[in-house]
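Both complexes shown next keep chain A, but they swap its partner, so chain B is in the first and chain C is in the second.
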Partner chain A sequence: MSPDLQRLPGNPNPLRWLMPVVWLVLLGVAVKAMPLATPALEWLSPDTDGVVYERTAFTTLLWRHALTVGVAAVLTVIVGITAGVAVTRPRGRDFLPLVGQCASLGQTFPPVAVLALAVPVLGFGTLPIVCALVLYGLLPIVRNTLAGLQNVDDTLIATARGMGMTGRQRLYRVELPLAAPVILAGVRTSITVNIATAALGATVGASNLGEPIIAGIVNGNTAYVVQGAVIIALLALSVDSLLDVWQRQLTQSRERH
Partner chain B sequence: MIELRNVSKDFGDVQAVDDISFSVPRGKFCALVGASGCGKSSTLRMINRLTEQSRGDILLDDQAIQDYDPVKLRRRIGYAIQETGLFPHWNVMRNIATVPKLLKWPATRVHQRVEELMHFLHLPVAEFAHKYPGELSGGQAQRVGVARALAADPDILLMDEPFGALDPITRGQLQTMLARLQARLHKTVVLVTHDMDEALRLADHLVVMREGAIVQQGSPLALLQKPANDYVDSLLGGLERGLKQAALTRVRDHMAPLGPTLPAQSRVPDGYTLRQTLSVMLRDHSERVTVVDTNDMPVGELSLRKLVKEAHTREGEAHES
Partner chain C sequence: MALMDALPLQSARWRPWQPNPVLLCLAVAMLATLAGLDVVSVAPNRIAAPTGYSLWGATGIPGAALALLLLGAMTGLAAYPGRYRYPALLTVSGLLLALIPFAMMLAAFRLIEPGVAQARLGIGPALWVLLFMLMLCLVELRLRMQLARGWLLLMLLPIVGVWWLCAAFWLDRLALVQEFQARHDAFYRALVEHLALVGIAVTLSTVLGVAIAMLIRRFAAGRTTAFAILNFFQTIPSLALFGLLLAPLAWLSARFDALAAIGVQGIGWTPALIALVAYSLLPMVRNTHVALEAVSPAALDAARGMGMRPAQRFLLVRLPLALPILLEGLRITTVQAIGLTAVAALIGAGGLGTLIFQGLGQSAMSMVLLGALPIIVMAFVADTALGTLAARLRHGDSTRQGDRA
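The block that comes next holds the complex of A and B.
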């Protein structure tokens, strides 16, 4: 079967769920059955007593990590898409360069610096890292929202007007659905990067999958570091491949031949 | 009834449309003809207020269009364009349902109307309803575009080069379809085209534009009989004008009663155009044809001499008026 044939609507690739399932299973195994890897971990850190991180259960850490990234993602998506939409409307067009620059600034500003600045204001814990993640994750979403909306064919917008759609109807029925795959790509980048970045939260007392990594660095226990890193990587891959499936489904039916 | 009075449109320093006036009575088909950039599309877009005129008045049923709410105005005007403007994320059915849904018709009525239009435009529902615009051929997409423009049963239909991007065969088929449709629905239509033959074939009233201004307007026959200048003459095809004129006249309007002589061997149905009749004469090497009705009964005759003479007198009349 040719790749083109597989993408025809009504004939979706039956293997599209394969990768997310594989990553999710591996993630589940890593979280639930880390002691099985004891021999390998002992080889990594031969001089330590406990090689499997046990101070907090991995399920708890995973849950907290996902919650942190999730809350940050919801905030980023709301702020990012709203900003992108606002500055492409006639009334907000003057702010387009400003918003673009602010988003870029957010990403060039290192999350570590954000943490350092946020802690005195917000205190230790999860709040500063959520704040840093929101700032760090805005750029891809704002940039892709702008690109997605600006790429919508002017003819379609003129036709939508000509058919008698109000500005709001044009936005929700035509512009956003057409820009959705591009916006989703931005969301995907933002979330995936933030899953890794969230580990930094452990340095300011947030309890998440960064905890074993920081503990490992402090105690010179490489095994801890590897456990945290592996689970974070698997979580990032799972989420990324899930969003990938969604993105494909969005684009699938409307591909021009 | 659409009426434009001394309408102009400026884009910055460029005057795209220069003081034009014309009117389209209810149920009539008007074509704006001209080369690209002559202001015909801008004129069309002023009628549904996609662009606002700089000067002059545009009246719809004797009311200035500025008095209408633009959104409501557009929902009662069908709009079809060359690039089809079909929404790629919606299937054929949803695309056709655009305006009825904006007007919040009940779902069953929308469904019924969409299926009716698909039948009307020869788009089998089972085959096309769930296809996406990307899967359609140019002609099919254009038919969906026309169906969408007609969906809410508007009195007015604006079409911007609807068949411009199609191959000649498909274009011809769609023109036939549109002519048939208009004969049945009697919409008030404004069609923008650069194809004079398309305009002659479909329109009751032609408006020829050049560099933003109207060069000539009138019925297809009036233009063919007396083009205002060389430009209009060249658009009309120069030497071909005589034949094009013949193509617009039915043989039944020119035939003579059956004479005492034997009927000619060549027979033409009375619905034929003079052009088709002429072609039969050339084919059969015959200077005379017998005109027959739908039951193949002779109802009149036409000689080459009379045909040529009539064309002359007609032209004479046009000169006098």
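The block that comes next holds the complex of A and C.
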């Protein structure tokens, strides 16, 4: 069978899980077996004693990092998609320009500044970074939800209305399924960017994968910085490739119907 | 913002004869905020825990009555259609913004006894929310009245002037103002460092970005590799990119005296600048590439037909037509660099981030504000200015094409 045939709708590429598995395995190796890399890390920062970050286990840091980004992602997805759907309904259409502008404004606010402003209200720790991530991640989701819903063919909606579907049925059975790949692309951008941005939380006392990076900068230990950076990059690549597989499946199933 | 401008906004038309639910919601929300949250707080010294005061407690009858009157007027104007209500709403919003410092002066006069030298007035959550919602009102009004973004900025200038006057002469009890007076040298130095870092980084990445984009056009084979490398930089967290450069640069400057002589160090502006440029290159190259590719072949054919040489075609046709999208890249890069430079303070590069991180370390929140507020204002102004410029250029193009047709 030629490779082109395998990618036809109905014949999903059997190798589509390859990249996520590769990245996840690498992530697991990096988290569990960092001491194996000691020689390389010693070459990176020869003057320091401990080259592997040991104050907190990488598994714990990874879990906290994922939890922070996950909570922020759930909030962003709920708020972003609800807002995007609400302002495209006839009743909420008045709010469309304002919501669009707000989402853009969120991205103009630098995350560090948002963090700094959130600390007096929320205290030190994980809450300020969740707040900053929600604000920063909203734009791609709102933008793509609006674009996805507005790109749905008007004749399809008219047909659905002609079939006697109510507004709610049209939304759940026609508009959202058709817009899903575009919305998911927005969610993917938002989460991937936020995995890297969450490291900033370590500057206000959140314990996540940014912690080794800050410790490395403060102590002049490049090995710590590399460990934090590598695990964050692997986490971002794993999540990105997983969402990529999901996005392809959505697009393919849409083509099949 | 440019993307939102491109979306079809049918509801943004001038409709003075219909109630405006957006402003109605905002006005009611502002009333609720003032009723429920603290407007100001008073702390006995710089780092002591402050006590909050509501609008009623802080300004008494005159302040509360005035706020109620103005917000009531806003609610009424939003609910009942009329010919001149949008200009009236704009005036009311502007008045509310301009009155905020006077309310703070009144609060300082009533709450702080003249003898207590250390006491300071903090801005409460209600005022922040109010400021944010008033900004939303202005955005909504701008969209309804179809004003250009520059007009809104012009309108804000006198209000900012009033704030500045109040802060400079009468608001010396405000924690932010006291913090500024205590360290205005450090503040100006940080501001200049910040602007210099952003300016140099954006200039460098613009020059490099345009150069790389042109090279990619010439050597198409390298395109995938180039974008892969630039994408790779974006996966490294900004925080780590600054940290990763510390050791290699320290090593380089220790080995080569020439580098050390021009100030290359492991910490300081060198790693900051390299990281900023590395981060800025992707949006710059991508937008330049897209911009140059998007120029219509017909226009280039016409230029060739007129006998233009390749250099002329590039400078007189391709570049001017590509300019709006190119400026969009510049806008993204600049806003991003303004925020990232704050992080650069962690590796000793200076800038406004210094104030933020020092303030966080001392739990002196007014110092954090002194660093964070200018960053937000700078990002906002850069976004607005470059966005307006790009929109103006694009608009100019379309009218010219329209004229020809």
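Going forward, the second predicted complex is superposed on the first by the 250 of 257 C-alpha atoms of A that agree within 3 Å, B and C clash if a C-alpha of one lies under 4 Å from a C-alpha of the other, contacts with A are read in each partner's own complex, and residues count from 1 in each chain.
The working rule: a contact is a pair of C-beta atoms (placed from the backbone, for glycine too) under 8 Å apart; a residue touches a chain by one contact, two chains touch by 3 or more.
Keep in mind it's a predicted model, so treat the numbers as computed, not measured.
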Message = By the touch definition at the top of the document, which applies to A:108: first (chain B), second (chain C), both, or neither?
response = second
Inquiry  = For A:81 in the superposed arrangement: first (chain B), second (chain C), both or neither?
reply    = neither
Task = Identify the partner contact of A:235: answer first if only chain B is touched, second if only chain C is, both if each is, neither if none is.
result = neither
Message = I'd like to know which partner A:141 touches here: chain B for first, chain C for second, both or neither.
response = neither
More chain A residues in contact [chain B versus chain C] = C
Inquiry  = I'd like to know which partner A:184 touches here: chain B for first, chain C for second, both or neither.
reply    = neither
Query = So which positions on chain A get touched by both chain B and chain C?
reply = none
Key: chain B - residues contacting chain A, complex   = 48, 50, 71-75, 79, 81, 83, 85, 87-89, 91, 98-99, 102, 130, 132-135, 148, 158
Query = Given the complex with chain C, which residues does chain A contribute to the contact?
reply = 44-45, 93-98, 100-105, 107-113, 116-117, 119-121, 143, 146-147, 150, 196-197, 199-200, 202-204, 210, 213-214, 216-217, 220, 222, 225-226, 228-229, 232-233, 236-237
Message = For a test of understanding, state which residues of chain A touch chain B in their complex under the given definition.
response = 9, 155-156, 158-166, 169, 173-174, 177-178, 253-257
Message = With touch defined as at the start, can you tell me which chain C residues reach chain A in the complex?
response = 1, 3-4, 7-12, 20-22, 125, 136, 139-140, 143, 234-244, 246-247, 266, 335, 338-340, 342-343, 346-347, 353, 356-357, 359-360, 365, 368-369, 371-373, 375-376, 379-380, 383
